[in-house]
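These notes concern the structure reproduced below.
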Amino acid sequence: MSTRRKQFTACLVGVLALIGAACAPEEEKGAGFTPGPLGAVTVDTGAPIKIGLLQAISGDTASLGTDQVRAVEIAIEDKGGNLLEHPIRTQVEDDLCKAEGGTTAGQKFAADPQIVAVIGSSCSGAAVPAMEILSGKGILMISGSNTSPILTSDLRGKKGTANQKGYLRTAHNDIIQGQAAANFAFQKLGAKKAATIHDGDPYTEGLANAFGNSFKELGGTVTLATAISKGDTDMRPVLTEVVASKPDIVFFPIFQPEADFIVKQAKGFPLLADTKKLFGADGLLSNTFIVIGQTEGMYFSGPATPTGATYTDFVGKYEKKFSEKPIQAFHAHSYDAANMVFAAIEKVAVKENGKIHIDRQKLMDAVYQTKDYQGLTGTLSCDEFGDCANPKIDIVQNTAAQKTIDQVRGNVLFTFEPPAR
Amino acid sequence: MARTNSLRRGPVAARRVRRLPVVDAFLWLVRIAAIALLLIGAVSSISSARLSGQQWRDLVVFGIAQGSVYALVALGYTMVYGVLRFINFAHGEVFMIGAMTGYFVTDGLARTALWDAAPILALLITLICCMTVSALVALLLERVAYRPLRGAPRLIPFITAIGASFFLQYTMASLFGTSVKAYPEVDILSGTFDVLGFRILRVHLLVIVAALSIMAGLYLYVERTRAGKAMRAVAEDPEIARLMGVDVDRTIARVFGVGGAMAGAGGLLFGLVFQNVHFLSGFLPGIKAFTAAVLGGIGNIPGAAVGGLTLGMVESMGPSLVLVGLGIPAAHQLKDVVAFLTLVMVLIFRPTGILGERVREDRA
Amino acid sequence: MTTVVEAPAAAVGSRVVMIGLVGGAVAVFVSANGMVEAFSERELLDGLTLGAVLLLSIPLLVGYVAGRRQPELEGFATRPPGWRNPATGLLAGFISGVTIGAFVLLIATVDLRGVLLNVTPELVRDDPRILTFGLEPGAGAGLLVGLFAVLGGLAGAIQVLPDLWRRAVLAAVGWVLAFGLMQAVVSQVLRGLQQQLRIWTEPLADFLYDTSGALSIAGITVVAVLGFCLQLLGSRKPRALVNARLERLTDRSRRIVRVAVLAAALLLLGLLPQVLGSFLSEVLNIAGIFLLMALGLNIVVGFAGLLDLGYVAFFAVGAYTTALLTSPQSSLGVGWIFWLAVPFVVLAAAVAGLLVGTPVLRMRGDYLAIVTLGFGEIARLLFLSDWLKPTFGGAQGIIQVGDITVGPVGVRTPQAFFYVIFVFVLLAAYATYALQDSRIGRAWMAMREDESVAEAMGVDIVTAKLSAFIVGAVLAGFGGALFATKIGSVFPHSFNVIVSITVLVVIIVGGMASVPGVVLGTMVLVGLPELLREFEEYRFLIYGALLIFMMLRRPEGFIPSKRRAEELHEEEIAQDEWLKTQDTGSRPEPGSRPEPGSRPEPS
């Protein structure tokens, strides 16, 4: 049996040796170029510059992410597919619109040392862990559709609880949309009492709260702040409560299909029969919602639809490439985000015989320093917490004259711009 | 479905587990707390006069309408359980497929002249389509997934049913998309009636009337026809039924078929009330309908009706009556909590359900 | 029982037609629901996309099943291998081919897009014409019929081979598919080995896979030969050999061997995350957390026979307890270190287990399932509610959950986290084994088999049930704690009924009451989908089909626990007896039919 034992001993020694080898220090260092504290990406001659896209591309929220993926593709095409003579390549990972998805996808990007920057996430919940992972690796992250205040700041100088260095966004902060909707309801419509309904989604809950807070600050009363659950169909009981609180306006920044049930069933309540008391948000600005008869007269808040020739041009390219019009509200934001990243790369990249080095720290600094950048969504300037948006919020109304979602978006009653920061 | 053997106990509980005083005390505490909270909430809610009498009456009507749909779906659970002692977890999906069929048929018919010319005929055609498709799906399910497992340990067909439930949901999702399908408006169903001070939507009246007549028909079918007799015989004892010349396979298949047809009708009514259907539409209503069946006393057709209506009322009144009264914000978010707690409470208080008789319990 | 009578030709014929039609229906189904198209994004084998492989695997399966030598009819003799096997395979494949061909012609002429959303023009009408491999619909339908028939015939021909060779062929096919699907893992492992050990393995990855990530022709050959040979050589039952050797050892040296094997296994596992790199380690961690839960649910369902569909409630309790105690942002705001929170996780989970367990003490089987499902939803809704928002954060959850620390060092990378999860999983596995043979374990199993009898024999049902709930809840609570600290934030949406169902599927498919089975189940059902994101859309479709299939064909799971398998087979034997009393001759019999290739011999 001693041979057996010898064999096992040999195995053991072998495995130990392997582990020893594993723990051996690594060598190799770039010459000529000294990376900063966060390290650098070196792109070899002819190799692509890799950009990660962290977007929701499956499930209920698939359209939100798909729209932004397409926008980035157009941004790349507009660059001719190349940056500093290197092709731009994207890698799309699904954030599942959930924290778990953000973690897994974030780890996947973090594992790839060639990822220069990540555009995303689609959903704020996914951004929280993804930001932590990517920030730890020094990877720049810039989102075109996150709106939660905790990711950046409350716009009054208080840093958001989830905020990390290296995270920026081109989408508006919820607080602004809340202010916009509240201002419109209180000042333009003269509403003094409001009810809010959310559906338990972090986005809708955050927005409903932001609206409520602003409305109270303006001097109004929130008579009922209630909620439903996703999957509910019978809204009549909750609408009974809403009606009993006698609001002048009902703000429900939720999604389909629950919102469909609300507007359809609201018809049966005399107080809500006047559809001008119904107020939704960007989640409902879709063709399938505005065709519902009872949405005629309803108000919606949402990021201002870009105007101007560049945007028309963009939509033309989008339609040509994907044979449909942009499907969500945040494509332009992601297009701007991508271009800001490209501009920053061009600014900081160091060329060295065919290779380029991109210092991560300098790249981040360059994006934070973005000032008066002319994008599709307006003039963008980033603050120290990463809010770059030019936050114009439009309040639009769906009337008999509007047949398509574009026409509804165009029927702007009120545009809100926060006082300069 | 009467009792046969006094040694065998009811379906749920009523089994004489050696009792620990601590456990009993805990359960009593739960019962007392539940009743106390219910009363406090109800009293403070009603006394606050937040809602008018009319609004309370409205809530009752909403509850009855919702409950009627639950009752129709609950029939399928109750029939299958009565005969096989098996929860057909996928029954909610059979219901959803009925609603989905209703969408495709009404959507197609809405483009024809028939829709405006003879809306009642169009609805009848839709009803027949929904019932047929749902019955076929239920039959297929029985043949493929359940029949080979008859006689297997109880959990095995139940797990199969869970699998079937997911399979059907995602089959529908992958074939027809995950988007919400909106039913066309039915003009004759909009508007309200006033009955004894209750304001009833026409569509709700249709649901209530349809549910009651379908259930009455089913009751007669089971009690009065030969096929119904065979079902009762199989429920009592399949082996003796076989000896008596009953074709057990066919009878069980018929139970699934009839239950599926009921679910199809329920699906269409659901679609007409809420004007929307999507691939997950059956999951929660299915669980709720099962809850309703248990609530009323499973294996019992009038019980399904009573259970469905009770659950509908609990869901519609519960949050407003109790939770708001207890000062809980956003009470309607917790509607399902109320529904499930009701189920737990009923099973603790009265394991056989409201109209429950004890059903033969087979340890299969 | 076997009489030497051949099955009547008509019965065999109708069986083949049936199999062919089922195969055709499946082919139409996967084409119409978008699976083929979604999977054709990825090139699997040189020139063949995953979608094409999926489609073409149907005639192979159909032909293989139709060409099987064992007659499905009970009591008839096995036919000797011969021309009939490929012929029946060919016929069945042809029938499937005709079905899918008809579907191709149908969608080429009628636009079904309005109803069947995934029947896109790219399937048949416009380039790249995925279903018809680029051909015009007419020619494509013909090609499909031919291809299906030929492949069916080929697969049927495999049945002619002697058992040993047939298995080797199957192994070769299996290996090629596995290597194709697992491209990301194999390349990463080869790369990781090179980085970590300075072994020259990376070029091997370039050899196996071409630039698009598909298995190259050379790779296919090598892998197939490897799989074939290993199956041939390995079929001498090395396990039995090793066992025989071990038998001959003295007690002392046997112990040494065991310790050495264990040590080697641990060392390998210790090395694993370094080789796998951060992303694959992350996937392992996700699987590890599910494994922890599955081991817990295994005790509740597998040992004690209590079907709990609300298991996610305990997972959520663990996660929220951890978040409350370790996050400085939570309502408690104490920001403890992780380890300080662990005892409270145990406590909270145990209390939750008691709270759920007590009311359901007197419920059994399916009632229990529905009520626990209700409890799961109640937990999620309460964590989500505005009512408890001041405590649990409502929809916004709790962020900044503390990291795990070992001494002064924070566990932040997935590789480091792997070790922590590994320790917890080891503990859970140890607990499972220890409990299995303990007094309470025997009580659970007695209860699972027959509650009334167990009680009559003096088993304390109340204690047994509550302890099963508590142990299960604590393990799920650990899972939740690790989940919370791994993600770093807790949102109520992570705790829906899907989690409960996934864990249940894992233990059922893997093998109830069997630890190796649960491990395998987690790796295949949780780990794989993370790697094969193509499957994400179809995950629950596949889960559902798998559940039905497993219950019909293999209710004891892939790696069954011996005791449980015996129990089930006992049932099956009883069932067979019962079936025989009915004159339903065509029914397949799960118990008595030996299924070559898929059912391991009981050892």
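Just a few scattered comments:
Letters A, B and C name the chains as they come in the text, with residue numbers starting at 1 for each one.
We adopt the following convention: a contact is a pair of C-beta atoms (placed from the backbone, for glycine too) under 8 Å apart; a residue touches a chain by one contact, two chains touch by 3 or more.
Predicted model, so just to flag it, every value in this text is computed and none were measured.
Greatest Cα centroid separation from subunit B: this falls to A. Pairwise, the chains sharing the most contacting C-beta pairs are B-C. One inter-chain figure worth recording: subunit A and subunit B are separated by 41 Å, centre to centre, where each centre is the mean of the chain's CA atoms.
Measuring from the averaged C-alpha position of subunit B to that of subunit C gives a distance of 32 Å.
Averaging C-alpha coordinates per chain places the centre of subunit A 34 Å away from that of subunit C. Counting partner chains per residue, subunit A shows two or more touched chains at residues 200, 225, 227, 229.
Looking at subunit C, residues 381, 384-386, 537 sit in touch with two or more other chains.
Residue numbers of subunit B whose C-beta contacts span two or more other chains: 329-331, 333, 336. Per the touch definition, subunit A reaches subunit B in the complex via residues 59-60, 200, 225-229, 231-234, 236-238, 240-241, 243-244, 256-257, 260-261, 264, 268, 288, 292-293. Those residues of subunit B that touch subunit A in the shared complex are 50-52, 55, 58-59, 62, 66, 178-180, 182, 185, 192, 201, 270, 274-276, 278, 280-281, 283-284, 315-317, 319-320, 324, 329-333, 335-336.
Contact residues of subunit A toward subunit C in the complex are 1, 4-5, 8, 11-12, 15-16, 18-19, 21-22, 24, 58, 94, 98-100, 103-104, 107-108, 110-111, 125, 128-129, 132, 136, 148, 150, 161-162, 198, 200-202, 204-206, 225, 227, 229. By the touch criterion given at the top, residues 29, 32-35, 115-118, 305, 307, 309, 358-367, 369-371, 373-375, 377-378, 381-382, 384-387, 450-452, 455, 460-462, 501, 504-505, 508, 537-538, 540-541, 543-548, 551-552, 555, 568, 571-572, 574-575, 578-579, 582, 584, 587-588, 590 of subunit C touch subunit B in their complex. Looking at the complex, you find that subunit B touches subunit C at residues 11-15, 17-20, 23, 26-27, 30, 86-87, 104, 144-145, 148-149, 151-160, 162-171, 173-177, 242, 249, 287, 290-291, 294, 328-331, 333-334, 336-337, 339-341, 343-344, 347-348, 351, 363.
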